[in-house]
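These are the structures, in structure tokens.
Two complexes follow with subunit A in common, the first pairing it with subunit B and the second with subunit C.
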Partner chain A sequence: MIAVDFAYRRPDTLAGAYELFSDLARRGENPFYLGGGTEIVTGARTGLFTPSSVIDVKAISDLRALAVHDGRLILGAGLSLREILAKDPWPLLSHILSRIADHSVRTQITLGGNLVGSIPYREAVLPFLLTESAVRLYGSGGDRWVPLAHVFTDGSLRLAVGELLVALSVPEAVTRLGGVACKKTRFDWVDYPLVTVAARRQPGRRIPALAVSGLTSGPFRALRVEDALLHAGPAEIPLRELLPEAPLDDRHGSSAYREFVFRNTLEDVLEQLGPNG
Partner chain B sequence: MAVGQSVLRKEAPNKLTGRARYNADLSIPGILHAAVATSPHAHARIRHIDKAAARESPGVAAVVTAADAQGLKCGEVLEDRPPLAEEETRYWGEPVALVVADGEAEALAGVSRLSVTYEPLPAVLTVHEALRPHAPLVHPDLSGYRQAQPPVAPRAGTNIADVAHIRKGHAEEALRDSAVVVTAHYHLPPVDHAAMETRSARVEILDDGRVIVHATTQAPFEVQKLLARYMKTQQGLIIVNAPLIGGAFGGKTTVQLEILAYLASRAVGGRPVEICNRREQDLAMSPVGPGLEADMTLGADRYGRLTGMKLTVYLDAGAYTDSSPRIARAICSECTGPYRLEHIETDVYTVYTHHVYATAWRGFGHMPLTFVVERTMDKLAAQLGVDPLEMRRAAAIKPQDTTPTRVRLTKSRLGDLDLCLRRAADLLHWDPTPRDEGKGTVRAQGLAALWKTSSSPPNAISGAIITLNQEGSLNLSTGTVEFGPGTKTTAAQILAERLQMPIEQIHVHSHINTKVDPEHWKTVASLSTFMVGRAVMEAAEDVIAQLKQVAAIVLKCAPGDLEVAHQKVYLRDDPEIFVPFRDIAHGYSYPNGDAIGGQIIGRGSYVVRHITTLDARTGEGHPGPGFTVGAQGVEVLYNRRTHHYRVLTAVSVLDAGRVVNPQVARGVVMGGINMGLSYGSREAVLFTRDGALENPDLRTYKVMRPGEQALQYRVDFVETPQLDSPYGARPLGEHGCLAMPAALANALSRAAGVACDTLPLTPEVLWQLAGMREA
Partner chain C sequence: MMEIRNRQEILLHVNGDRRRATVRGSDTLLQVLRTELGLTGAKPGCENGDCGACTVLVDDWPVKACLMLAGDALDRRIETVEGLHNTGTQRAFLEHFAFQCGYCTSGFLMVAEGLRRNRSAAHDLEQIEWLRSNICRCTGYAEILAAVRDALRSEVLKGAGLTLAPAASVPS
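Moving on to the complex of A and B:
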């Protein structure tokens, strides 16, 4: 049970949602956009998170898109992971999503919620980091598509106050290319990652594109690791120099163990992609 | 007729369809809800509690603090626990105040408006810290506490709540003269019960003085007695109801929420109040299973015969003793494992620390004890270069040997460990040598043996009442609660067998009401079949005697000429002359209408016999009625590169005495295997540096999920009857889990070439151990 009262609103347009947010913020409230609500509910149950106002964005049709337009696959941020898995428009993405939480929870978690929530793993972003992805944002900057790489920095999506993640897109051709995903946990099938790696072959390059979650405080495209792997194997590369920060050290796994697991995972990924990765 | 058959559990159909009702499923119009404000510190002084804002919060009827409990101290053995923290809090999550309100939401809102000023104090979070000189004391007034159920030996001025000993023979000399001696240190973390149903209680104090309690408890009669004592009222006025329980594992023996609900009800003029643990609260506020640190030394002569042992255990009790001193004595009683050892020196310390307190956990200390003993046995076998199976067989305790508490064993009392070991080895296709399976993987096996007697108080009782319905069917009332292993069904099977009648014609009370059901001490210690069974047998004899008495008049013969079966009383020499139960169950009516007899009501009562408390210095005494012995094993596939592993096969062979219900027995053991492997591989209650619970929900407290279990279970039983038990049946409720962590650790130690002396055995732990080996 959630002990505190909060206002719940469900606008059905982007403009309506953004105006509501701005209006509430102006009145000194601390509104939150609500997707699947898994973080809000678990936080509110323990009293760690007490929203005064939530704005449910799942009724906005733009957030429910799942279509191909002008050669790009568009995925609405309000789709649940389960909905995306059922349609399976991009096998590599499905592979990643199928290992987030469990079946029941995946019917709640939304694509957008996984990307902008406070739980730092954001594994759903990994396949998008491997290609020319774009995100549709709605807010003070208007309704715009921007390259993902411009707004996803240091492991999270940089959004202005009240700005709403509407959808993501990738070139449709990319969705037909192969790729591998590999998730390693402390021990359990359903758990947060020690390391999750998504990898995709790159034309004309021996080493695949790599995106990594769990190893550090947020997901990242591992360009420096990719370069290093051109010259040495996963066991030899000077990992600490190549990562944006030291590996996490927590109850899931120590920093040194995460490094060990990451090197093993790289070996697995390279092997699965085969020679000439 | 019924014993030995796989009878469907009486409560199964309603559980299967979801119609079964658990405690929190019932709602009473107008009931109030109590929410608990818990301590955000492991150790702090409570400077001030400002109740005003919470009291003014909408729907709030009362705010209850320690002041309302008038200095009450609770505790099964040592009364060291205030129901609500008094001047100090002693663990993160400890109840500090209750807010009673119209609804759960209002109560929780009230809690958020309660303002408690704490002064954090230094905390001791491990037994190591607690035992340091000048360590902060968890209980500075240790000597002032009332001893509710001695023996317990608190040491004032320390964090030692209790110490229990075994002194038998001359361990020092025996070890000095041994050809081989191994010593090892073990560390096992606390573990949660993680029952599917969280704990809850409802209390209503009526105007006539009766107190109506509904609770998720394994010990409704203990709740009755303790509430009567704490609240200074008659036991007869306390009526405790225990419906079906959704898993217990020892965690529902502590009387905690019942007292809080009572205080809450009293604060609102006796109106009914419910308190129901949220999962997070169930993990943080209600007790866990104890962790421990242990050092064991074990010696053998040059022929591999065990010579002597020393064992020191530091049981991590957490902030309050609860049943830990009794667990300590249970560990003492069986400290050798199921092996013959004449020279023993064992000390078990119960140590206070500043975290959530411990209580019984499936096996009552025997799972960690078995881990310590069975790891040491494997080390000794390795030192001697002998097959660990053969070493266990040679060392197995036998009839005419004596236990650490000097109980002389008989075949009936002990069972047949050697047969269990051989059968388990066969089922596992025992091979102590790890096998390379290619691609960097290794297949390896581990075996471990177990024994356990049931530590009950010397005066534990159990009763049974049988009433006959007019049609000749029977109602059976016993005092055990039903939380899964089918104790009610077992009792019905025993009755059906004794009366030679169909079990479908026997109806059991699935809910307990202390006012009408006869007492059973507590539904713990796997003792239900034995104790309830004895009472049921006696009640059955009573029913038979009454049936024969009436039937003898009807059939114009002596009662001695009669037999009872198939719901009939008949002449032994001519079964076609009979009277059916339905004609005499409620008295026999003659054709002209006049009647004799009356309703047949049978009674049976049992008290354990020859049980004594243990001598304070030597541990001599008789802890329980009989033993269950067994052997368990696992085969693992271990990856040398990643240190991941999978349990391929889990094997269990228990001496069941007599298997009353094969399907249920297998299910109970398989559940135990899974619980043991879950603890062995992933579970641990974790605390932050500040003593906060680090994994307070089931997202972070990991229990094994479907798909992660052993790929194959091989469960079997041997049957050496326990002669004083109905149909020879031995306890087996807890035993399925007892040796699994040890077997897993023995297999992984062999697979990885390391010493797995701690739990849980995650891949990271194996990686660390492998790294230490190489360094």
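Moving on to the complex of A and C:
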């Protein structure tokens, strides 16, 4: 049971959602968008979050897009992971999504919910970090597409207050390139990652593009690791120098263990992709 | 814009009926089913989305009712274990003794029923992937899996106009 009482509201449009959020915030309330993570419900139950209102944006039509437009695949932030898996528009993305949470919960978690939530793993972003991705945002800056790299920094999506993540897009050609994903957990199949690696072949380059979650406090594109792998194998590279920060050290795994698992995962990924990346 | 504030009466579509319930915006579907509608088949377990004891079908797909706000369930078709009436899935659970203490059973039944409706031809790994959503602390997984496989086989055979032999003669 959720002890805190809050209002539930479901606007029909992006403008309606943003205006409602802004209006409630101006009045000193504490509104939350309900975008299809599960954290607001579980967090409100434990007292972690105390929203005054939740604004359910999942059903707004702009967040439900799944289409190819001008050579780019567009995925609405309100699509559930199960819906994306059923359509399978991008096999590498499907591979990643199929290991997030469990089958039933993937009906409730959305692409946007996984990216914007406070749980730090945000594995759904990994394939998007491997290419020229863009995100559609709606808020004080208007309705705009911006490169993902401009707003996804230090492991999370930097949104202005009240700003909505509407959709993501990638070049459609990228969705046909080979790639692999590998998730390692401490014990159970359904669990948070010790390490998840997504890798995509890079035309003309021996080492694949790599994106990593679980190893540090947020997902990152491992450009420095990619460069180092041109000169040495996963067991030899000076990993600590190449990461944005020290590996996590928590109840799921020690820092040294995560580093060990990461090196082994890199071996697996490189082997799966073969000698040409 | 749809809105639920304070305590408000809403209509939910549950087990084929329109049911009135007085809810707060912060009430979960699980809480409303159990305390407002008297449907106690969906069980509170972890209430964190991990155990699956509260699983119901929403528009034919298994959903953990502890993770869904009641407002989110408006305009959706909700089915609880009370809405199943002598289905092949239930019969298979009985034939395979696919329960011990029984607390998780309604959740597993709803996952199995969702699988039967949506993916009756699911291969072995897919069946396991669906069942991984739920936990049986008595660890009766072998019997549950056998029951699910029988229920799916019956569905496939029914589609071909055939029937399944009694459970005892079915290889596991």
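The rule is short, and it goes like this: the second predicted complex is superposed on the first by the 276 of 277 C-alpha atoms of A that agree within 3 Å, B and C clash if a C-alpha of one lies under 4 Å from a C-alpha of the other, contacts with A are read in each partner's own complex, and residues count from 1 in each chain.
Criterion: a residue touches a chain if its C-beta (ideal position, glycine included) is under 8 Å from a C-beta of that chain, and two chains touch if they have at least 3 such contacts.
All figures in this text were calculated on a predicted structure; none of them were measured in a lab.
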item	value
Partner with the higher number of touched subunit A residues, subunit C or subunit B	C
First, second, both or neither for A:W189, with subunit B first and subunit C second	both
Subunit B versus subunit C as contact partner of A:T110, first or second or both or neither	neither
Touching partner for A:G47 - first (subunit B), second (subunit C), both, neither	first
Contacts of A:N264 with subunit B and subunit C, given as first, second, both or neither	first
First (subunit B), second (subunit C), both or neither touched by A:R9	second
First, second, both or neither for A:M1, with subunit B first and subunit C second	both
Subunit B versus subunit C as contact partner of A:T131, first or second or both or neither	neither
Contacts of A:T175 with subunit B and subunit C, given as first, second, both or neither	neither
Shared contact residues on subunit A - subunit B and subunit C	1-2, 4-5, 42, 45, 189-190
In the complex, subunit A residues that touch subunit C	1-2, 4-12, 16, 20, 34, 38, 41-42, 44-45, 53-54, 56, 58, 82, 101-105, 107-108, 189-190
Subunit C residues within the subunit A interface of the complex	1-6, 24-28, 31, 47-49, 52, 55, 58, 61-64, 66-72, 111, 129-130, 132-134
Subunit B-touching residues of subunit A, taken from the complex the two chains share	1-5, 42, 45-47, 50, 186-191, 251, 253-254, 257, 260-261, 264
In the complex, subunit B residues that touch subunit A	35, 104-105, 108-109, 111-112, 278, 280, 641-642, 644, 681-682, 686, 694-697, 699-700, 702, 705, 707-708, 762-764, 767-768
